[in-house]
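Should a chain be cited, it is by its letter among A, B, C and D, assigned in written order, with residues numbered from 1 in that chain.
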């Protein structure tokens, strides 16, 4: 059975695997205070053109989100996000469990607009009873979004400018950041993110690492004691070097970007094929996720040979599904998927 | 530089490494709902003679402790532990961050006594103002303790009996469980733990795994929704199978117990050598940790060649240090350590 | 300046004031374990026809809501409520601060429908990834709602039946319960609430008490240790008898219901007058709150002589305002308000 | 039955009662934004010689403690206190429920020493693994302590200096502040507290108010958004003016200090009488609490006519009890108590 249901069905890319095997028997100190983490941090600073940035390595996305958000907010503050945002939809209330409201805003495509954020912030500021309301303290967004869409650079700049003007922190969830940057056509890159965001993470789990996310805090004066928070939330790996080793392997020769690029190209070719065959997509394909709209019969036929994620039921008995390419998708797998799609659609 | 400062300085044992490499390119579902986790759970149930037990795989000890404790307690309850207990001393208030007090009790050796627990529970029950006090809801203990000592089986039975009589949950932190069971001379084993405890974990990180702990809840009616809690606390690994693969490799042919036994034997030989050379130990050596008491000059000489953990300053300018053998300690490393110790002590 | 902006602008009704003065110099034990609280509990049990119910006295609504909800939910659970519900809109994230998500659902009038609750519960139960989502654990509703509307008895019965079938708790916020019961035309009464709800409170602050809410938990097996939670949340008044004294004064001769009835009648007469004068109401008037829709000029004129609450801006430059009668509203105040309204509308 | 078990057995002093009755029918805005609260704040600023201070009115001590502490600490920080401190012993883990550890230190008399605080802070700062430990962020102390003892002014100055040097906040629980200031013989006064502490509260509940505590934050730049936190914790009274009215009545003509003085004098006379009769006190009597040591038979005889608080069992079958005078204690009550004590002791 072919799996295209998500981008974490397999282990690690060869570069990471080799590095883990190669370094396995070395002795190092624990908790991320080792030479590999130091070098990986240095490499990320360099890629971000943020020589003062602090980089922390954590094992997963939910853990990274809850640790950063809880560390950054004050108790009476909440975090604004799209109603499709991961912290709202699929983290079992992890943010609320740290005491903070997730303030979800409706979006057509998973992307927050600076204008809607401004409206919320202004309404709060002008409310004479605002002390009875949760104070917006942070904006959380995902790049790419959970719908596979991308903020234009100028959209992110507008949000960043708003946040700085209004005293909100801007945090970007980069679980699939590599795919996003590979797909961007407007020069969005790590230095831009380091310039525009107060914190963001470079996702490893879905992009070639066994596991791991690299959290970047560009301003060293912000959250200088984040390691306490990491330990408190169970987010400090004993053998922390495993994360440094992996990110170094991913980033030192560009494997991270190369693998991301390939997956995006595969998804793009697939999208073109589907559209040529008359299949609509729920959202425009930009990254490694695509959301074809099928009839129930087509979906059932496809399910004979491919594991995919159900996404949403649509009027007229149709349904959108999610297909993901990944850092591990081979050309053979793509050919087989295309064959099965042709059969299903026919 | 030789490292004997802890038991997590190296990667994984060969069995685990091979299994990770061998399974790397397989495609499986995520979040621990895969065949490897299923088999590892089955293997652990069998080893525990607890066919109905639920087994959950998490990445680290703090994470396991905070997730289990927060899931099991009611808001007004706290957890009783030794004042040297890990949740009290080295988890940055992780339990309190979930809303619960750690109620630390003084012990000479890291071991709680049933009698002292009973005293606390009785005092609470008899207090007419008890609603103004934290209600004891759980007993947390470590096997081995943070001091490397072991509960006798009858001591644990007394604590377990007390807990059941008084309605407290009994949770055992097994970060170094393998070393403890290898050292026990009274038949303490996994089935005993499964019979006596409401929850306990089999530590992997310090005993041959890259990372990972296997949390066992013998009674399936207790905490049936623990997976929600795991996700909420950021404790559900996306590629959950990595944990199943590792525990299967550790447990299917007994590597876990073999490696633990070897480390305990090494520590035992070392303790005998030290004592023969007139070096006192702070606590009796039982497992893979030992705590020799050195003069300042001896410690300084030793530090030239060996990394160890400072433990506590003692009267008369002496100090106790901690040395740990591990699943990865080689005979050559032991010989070199012994040589350096002889030099330092001389 | 006449105030009709809310129903807590004045102190206590004469019955309550007299009782406080009369009992002032008596000596009693603290924390609600006194004879007045015992008698008030007994009186409420009797009025509710719930002889086994536990009654707790707290000082305010937010405190009551957060204490009850946090005590009743498990960490991975959230509370369903209308998007206009007080816990969602005006408690500064008090529920989230205890670790739980408020799951707000859209309503046209502040009233949840059993069908929409059922949809949410079913969707959660059928989601194969439900462990990644907040589990609905409770339904919170207000009677009357924040919009001054009332659940029909059969609507509440349908919600209650759903909750019992699906294992959700049903909690009813009765900050203005007296006004609601006074306005109900379908036999809704305290025994019905005690039969249909798992917990509800009889609001005192807005209905004749200086302060205080009486939380009723009909089933004594539910939350038997709620007093611990009250103390933990700072919700146990040292001189607890003050609450018992007040509720006894309100309930022993029916002052609570008499005063509520008068305020509802005043509001009803006012609504009829406004509608006769061609003023529309945003929601149908049922209880002591009414929401006339005015032009900006009308509102400005009215604001010369009356303090009211702005409610919402409407298309066409119109705006809805809120006017509240209360237990303390006199006939003279009503006449003066009517005069000022006529001037403003003209 | 005579009650001397605590200082909150009766309602309010005459000045407070009269003020509540006098203002009962006035209409004011809610939540503490009224003229009475404004004037009471002004009065307290003046008494503290702290013209910029912010004053907040809350209903009880536990509520005040948890609100202030949770608002001031960062998530990884704990609060240092004496092991007899109220937040450690009698608030059901209220501080932990907001996510923070109470770090209790042993004291012989309820008073923290600057030197022991310094030791804790230094040990933390020098610990290379300090990120694994709770960071001390605040010192909590009580004036008077729960044992009725008082910090000397120079003791408090030493603690304050340490806190400022080390970046800790200093918070003083003044549940019985009036009694403490009345008893102080070293010039301790409100301006000193405002100069030395980052926050403290002037207790009303135990000193003439029906209920209420006035929280003073001398530096307006510290916690400017505390009202959000108050609302979130259920600590903002709807009819907030009730608190302003009471504190104004207590403070405008010095009733607060006069009533406190009288109670301390009564306690002092009582202590002298007891000592003359050969009864030892557990702690030196300084304020309105005293802790005579009785035999079991004496205590039993006394219990026939007086309600007191059992305090602690002592060797030799003796026991310490607590007797409290209060703002409401009359000369007749004192005479009767003395008579009963004489009988019991004889």
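Here is the rule we use: a contact is a pair of C-beta atoms (placed from the backbone, for glycine too) under 8 Å apart; a residue touches a chain by one contact, two chains touch by 3 or more.
The structure displayed is predicted, hence computed values, not measured ones.
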Partner chains that chain A and chain B have in common: C, D
Steps needed, at fewest, to go from chain B to chain D via touching chains: 1
Maximum centroid distance from chain B, chain identifier (CA atoms): C
Whole-Å gap between the CA centroids of chain C and chain D: 34
Separation of chain A from chain D, taking each centre as the mean of its C-alpha atoms, in whole Å: 50
CA centroid of chain A to CA centroid of chain C, Å: 42
Shared interface positions of chain C, touching two or more other chains: 75-76, 91-93, 97-99, 131-132, 135, 228-229, 231-232, 236
Contact footprint of chain A on chain D as seen in their complex: 31, 70-71, 74-76, 98-99, 131-132, 135, 225, 227-232, 236
Touching residues (chain side chain C, partner chain D) in the complex: 3, 5-6, 8-12, 17, 20-21, 23-30, 59-67, 91-94, 97-98, 205-206, 210-211, 228-229, 231-239, 242, 328
In the complex, chain C residues that touch chain A: 75-76, 78, 89-93, 96-102, 129, 131-135
